[in-house]
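Okay, so here's the structure we're looking at.
Labels A, B, C and D are assigned to the chains in the order they are written; within every chain, residues are numbered from 1.
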Amino acid sequence: MTGGGRGHGRGGDGSCGCGPGEGGCGSAAPAAAGEAAAGAGAAGAVVARCTALMQDLRLGSVRAWKERTGGLAVGYMPVYVPREVLHAQGVLPVGIAGGGEMEIIRGDAYYQSYICHIPRSTVELGLDGSLDCLDGMLFPAICDVIRNLSGMWKMLFPGKLVRYMDVPQDFDPSMGGVFWRHEIRSLAEDLAARGARPLEDGALRDSIRAYNANRRRIRDLMELRRREPWKVPTHELYVVLRAGLVLPVEEHTALLDEYREAALADPDRRPLDQARVVVTGSFCEQPPLGLIKTLERAGCYIVDDDFVQVHRWLKGDVREDGDPVENLVRAFLEDSIAHPTRWIDRDRKGEELVARVRESRAEGVLFCAASFCDPALLDQPMIVAAVERAGIPWTGFKFSENTGQFQVIREQAGTFADSIKLWTGAQA
Amino acid sequence: MSEAQVRKDRSQERQKQMIAEHYRRLARCGETGEKNVYTYVPGNLTELMRSFHALPVLPEINALQSGMRGKSRDYIAAAERDGHSEDVCTYVKCDIGMKRSGNVGPTGERLPDPDLLLLSYTGCFTFLKWFELLREEYDCPVVMLHVPYQGDGVITDAMRKYVVDQLREKVIPALEKATGRAYDEDLLRENLARSAKAEDDLVWVLQSARNRPSPIDAYFGGVYYIGPIFSAFRGTEDAVLYYRELREEIEERLRLGKGPVTPDGDMGEERFRVVVEGPPNWTSFREFWKMFSDEGAVVVASTYTKVGGTYDLGFRHDPSRPLETLAEYCMGCYTNLNLPSRVDLLARYVEEYAADGLLVNSVKSCNSFSAGQLLMLREVEKRTGKPAGFIESDLVDPRYFSAANIKNRLESWFQMIEQKRSGGGGR
Amino acid sequence: MRTWTGIDLGSTTTKAVVLDEGARIIGRGITNSRSNYDVACRVALAEAVINTRFFLLSAELDRAGVPPARRDSWLEEMGRRFREQQYLGQLAVLREILLRLPGASAPEERHPLARILDRMREETDALFAAGAERKSDFFRDIAGSRYLRLAEEEAREKGARFDALAGLFDKAILDAENTPTGEGDFERYGMAAVGRMRTAPPELRGAVERAVRVDLERAGSVGTGYGRARLPFPRRQIRSEILCHGLGAHAMFPGTRTVLDIGGQDTKAIQVDEAGIVTSFQMNDRCAAGCGRYLGYIADEMNLGLHELGPLAGQATRPVRINSTCTVFAGAELRERLSLGEQREDILAGLHRAIILRAMSLLARSGGVADEFTFTGGVARNSTAVSVLRSLVRDNYGERRINISPDSIYTGALGAALFALRGSAAGHGAEEEAAASAAGGHP
Amino acid sequence: MSGADMITAGIDVGSSAVKVAVMRTDGRGGEEMLSGRCERMRRRDALEVARAVFEEALAESGAGRGEIGYVATTGEGEGVDFRTGHFYGMTTHARGGLFLEPEARAVIDIGALHTRALLMDGRAKVLGYRMTSQCASGSGQFLENITRYLGVTLEEIGPLSLAADDPEKCSSICAVLAETDVINMVSRGIPVPNILKGIHQSMAGRYYRLIAGAGARGVVLVTGGPAADVGLVRALQEEAAANRSPVEIRSHPRSVLAGAIGAALWGAFRARRLAEKGLALSGAGGA
């Protein structure tokens, strides 16, 4: 904030000369003022609803949906799957983003200590019956852990549909495209064999339209956050996006509208003296909500991130006319983000991140990767190099979805925010 | 191991020479103009590369050699200093560290910069990152061959076509460009025919462990036996000769009723027969091996010796279908099999090789191998009724080899097998 | 009489068990493990032998027709006074070492030191009075807690440097500990202890004399535990702790099918069959998070005895969720939570739960919890750990019979002693065993 | 007012010790330390110790309670009830480090549990940092536990380590298991100096990676309690030399007070800011 925000928040007098770190004081009383404000009003109600959905590990809303519609529900590990296809076949796609802070009793028995946390809680959810309502699980090509989880799922739940979705790493329509087309077709056949509607072009076009509408809303909210992060704080946006993993897309789209309106209408949402940062690295295992709040409380506005990435994997709209499967294939090949789980020919990842930093006028980058997350952590040195070349300050830390202790992270993020706030302003 | 052996076997001498010669040629690439291609062990297209007269360089082999030569600690530290995480695969860090420390290979000679990175992306996502990182280091061309995973335990026509198309449209042109030579399918066929010959002999050797006592150790000894065929030599005449000699030597051991060679010479009484899943530890390879041989334990089958091809399942390179056979080879490598197939294979090993149990060495580096091993262990135990053991270490990071801990678990496991055998009580 | 011993050289404590021909436990000894394994081993053995003498003594009293109630009250009082004598002996050693330390020559250190030591000696009577609470039974712990308390007083009242005094103790205790009690202690202190009793019954004196004279022949011994490789035993007298825990648990509760052992640095989940033979096991990896030592740190941090933790945690009303069980961070976590205003009991309850959760995952890894389930190791002495375990087992595996023996900490040593006994039965005497191993023969 | 002298105090509550510094600043760059104290908690209540040490430091400085313009806490001192404001640890270590060693452009702060390396500019602006993870291996606490087994005091570690002739490598990553390693060493008869040096080397390796990872060059000041450990500092210097590193590791006799000093100095900075704006300081929190 180059001398911009003058709000009298907890951060002190709000000028660039405010004492370093004071944003972090008062930690003994975690219910801070800013949140109390956000907790009230219409936006607060939407957020509360979404939080409940996110924390309902037994997927009550999915169960209710199934009862209502009699349709199939199929889970997926949420980095990217062609949800449009499921939707067109009348199947509810359900993103499974681990178990958050749930207690793990048996899931740990399947994993050594040096493997990230999300597969443990996912197995735990499977074993404790939380995922009973799912008729199958899709495991897109994210990393070796998820890949192997697909095999484990086959062994643990022999009655269910289990598919490993090997997304192409070749982006030539005549090769990777053909392969992906085939994968999509065979997924559709598998679903149909389980009682879903056969895949038809008309229905798929409608589904593409529905998801395009959803993606557009999300892009708008992201844009709003980039401009005025105090209006859509990330700890809210995050749970609103998480709700999209379990809700039917139309409902989620409506909910996004509702949230946006309420957030914009809230007069209490005024800027604080905070540093603008882009958070990157947590695209698979999701950070605990407390971590996001901690970053915000330590003086950061998160103006861009890669949480709940499935909503944003495709950068633009999918074409709505012509061969819909081909359109999905083309969108995947040509319009996906530069992602750690994809083979990228030249170093576009760093460039894309730097571009995101510029677009969002961020002042720094926080690498926030899940512990033991190979794709994120192996990417980090390359991305750091790009960020450093661009002269952007950065820092990094690791988390796991059940981290309950944020003291160290607060200290780091606080120091980072301090050094941006104190001196960026002083120079201006 | 070699220095400890009383009499060096001929095959071993040959392998040493092959390796030395290979690295010498690599070191002289600059002068001779020979081209080299970096690639990985699983799904390596050695016959194809050699048909372009390109020399393969295998970063994993360099990393494991660094581990064995006690250099990996420093290399890994160097990579971590440059911002690599403690959490990730140490092969990658060891390789990057080696590059940053002068790129001196296992024979003490410098390795050439790659003319091409051939990313045959088989069975492991880390490969992808690894070459992204190397691309930054060398700024050289990369060609990606996406080998689909056997998610459902089968190779479909669509998968085969996808790989063959990539080979034809991407990999071959890239090799042509990098080497300045035209694709020569006849030469490729000749190479493939030689591969198949060597593969026959290798399979015979590996299966000799069905005998009691087993004349080989299919893990600690096995990693030497697979050396030529998994790395730079498949399809060469040298490899054919090596495997013929090796087979003769093992036939001789069998005739004499001898057990396997160990770090301390011939092994004594064969007390335990075990199947091992997972790669070995390289930094304390001898110490690790001795924990087995001292107890009279011999490994009769292992999956690690299948990462560069599951020949004992019947696969042979087939000169009559050159690109298809390469595609099938890539897709059939061990880590490209799904977990149920891996369990099937292990259970089969325990039974066919009359093993006392399965031991899993879970390495921290390798999610491809390790994620899910605990379930595999349970399943194999359930199916075979034989007790399974579990230890943890790493490939080349000495910090993760805790000798006391591993020894403790191994000892307990062996004693448990024995206690079970004798029906309780003392020994 | 012929006896068989098992020694479990653990990471925190070293345990010894003495068996008679009928596989009955007649002696138990325990001491804290320390920098010198030989000493730890000797002390545990000596304690077990002393305990065996007490067992013999009790038998002598029976033989002399002393009624059980009277016998027990005599033995209790004599036992306490015996410990006191031992304590005084060790205190004298400590004193000598302390006053010899270079730091202690300056008057400003020496005087407070002498005052502290004098007061420690004066206190012993009360320390070992009937019903008195002691932080632990180990000299290091008892003396340490008294010393630090008194040093703090010195610092507060007389302006001595607390840090310096504490440092001196840390130095001296090592040597003091390594000047161990011996097997002969019973002879040495037995009579003195009787003399310190309020009334010294003549039957008791006679029985002590007779108990001292019994010849204890060590017919065989087997060692196990974390540090077993360092035991001064030939290889074939060493057994894996997994096997020993399995067999020990089986001996205590023959219906046992699953064993959980939580020791100082490792946690083991073991499955055994109807003969006590291990069929599967899992232990924690290189990380010692969530093991017994963790509780040790917490107890230190709170200045409590280990035995006080469980009861305190049992008073929790709203247990706190705790995920990190890094042993070293335990203290930090505790402090942070306290500073956030959470209740000590609630935090403690959370810590206990975290430990048991880790154990649950090892159990799951090893094949689950079968009926009957036996919980062993030092942590089985902790009431909250036990109750959390009970409820988690019930929730996840249904009703299971859960066995906990008062001797649970000796399970490994018992298993080892049983192996020794069976080894002898199978025809290996102690000498024979030694000879076999000296010849390097593989069994 | 910014021209007038001001006395401020900094209280650094660590996980094992409380440090207090009382500073006089003139607002024009003149800074002077009036008193500094460090006391280990030894399981006493942190806040009580903090209060006691604060009183002592105050007495030593000669300043009266009423003269203190700002009481700044850092570290885990947020709970200190008489503070004016709180500052993040790295910010204060940078500031304090620069005060102690004006040439320093990086600080490695070794605490009882965490270690962080930070890079700064000539105004103590933190430019980047690295921190150890949620695992206490190689921490100050670890070393402290070890000394208990070895029966040496903290003060003796350094000189003993310097006397090593054949350092014994310590292999375990885990601080708890490493203790056992060390016990094993003792029972194998390895001399104490060699054990200590081995531990120092393995710690130095870890710390050096943090320093290098943060991208440090030039003078690096070691702060925190272990900075007084000459053996550790020497091992760090050797590690840097072995890596032909562009850094020069230094320590300062008052290194342990860096956080407290930094807090006091930031407190002064902040108090002047607020005064300029005509804002009165509230009792606690400062906001």
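Rule of thumb we're sticking to: a contact is a pair of C-beta atoms (placed from the backbone, for glycine too) under 8 Å apart; a residue touches a chain by one contact, two chains touch by 3 or more.
Note that the structure is a prediction, hence the values are computed from the model and not measured.
*Asks:* Measuring between Cα centroids, which chain is at the maximum distance from chain A?
*Replies:* C
*Asks:* Taking contacts as defined above, which has more of them, A-D or A-C?
*Replies:* A-D
*Asks:* Indicate the whole-number Å distance between the mean C-alpha point of chain C and the mean C-alpha point of chain D.
*Replies:* Centres of chain C and chain D (C-alpha means) sit 38 Å apart.
*Asks:* In whole angstrom, how far does the Cα centroid of chain A sit from the Cα centroid of chain C?
*Replies:* It comes to 51 Å between the two C-alpha centres.
*Asks:* Find the geometric centre of each of chain B and chain C from their Cα atoms only, then give the gap between the two centres in Å, rounded to an integer.
*Replies:* Roughly 48 Å separates the two chain centres.
*Asks:* Give the residues of chain B touching no fewer than two other chains, as numbers and ranges.
*Replies:* Each of 82-83, 374, 392, 400, 402 in chain B touches at least two other chains.
*Asks:* Got the chain A residues that touch at least 2 other chains?
*Replies:* Within chain A, the residues that touch at least two other chains are 27-28, 109-110, 112, 371, 398, 405.
*Asks:* Please output the residue numbers of chain D that touch at least 2 other chains, ranges allowed.
*Replies:* 78-79, 133-134, 172-173, 177
*Asks:* Which word fits how the chains touch one another: line, ring, star, complete or other?
*Replies:* Per interface graph, the chains form a complete graph.
*Asks:* How about chain A: which of its residues touch chain D in the complex?
*Replies:* 10-13, 15, 17-22, 24-28, 371, 393-395, 397-398, 405, 408, 411-412, 414-416, 418-419, 422-423
*Asks:* Which chain A residues qualify as touching chain C in the complex?
*Replies:* The contact residues of chain A facing chain C are 27-28, 101, 103-110, 112-113, 402-405, 407.
*Asks:* Can you list the residues on chain C that touch chain D in the complex?
*Replies:* Touch residues, chain C against chain D: 11, 33-38, 148, 162-163, 166-167, 170-175, 226-227, 230, 265, 286-288, 291, 293, 300-303, 324, 326-329, 331-332, 335-336, 339.
*Asks:* What residues of chain D sit close enough to touch chain A in their complex?
*Replies:* Those in contact with chain A are residues 74, 78-79, 85-91, 114, 118, 123, 125-129, 131, 133-134, 266-267, 269-270, 273-274, 277, 279, 285-287.
*Asks:* Going by the contact rule at the top, pick out the chain A residues touching chain B in the complex.
*Replies:* For chain A paired with chain B, touching residues are 109-112, 114-115, 119, 141, 143-145, 147-152, 154-156, 163-164, 166, 168-170, 172, 174-176, 178-179, 182, 186, 340-341, 343-345, 347, 369, 371-375, 377-382, 384-385, 398.
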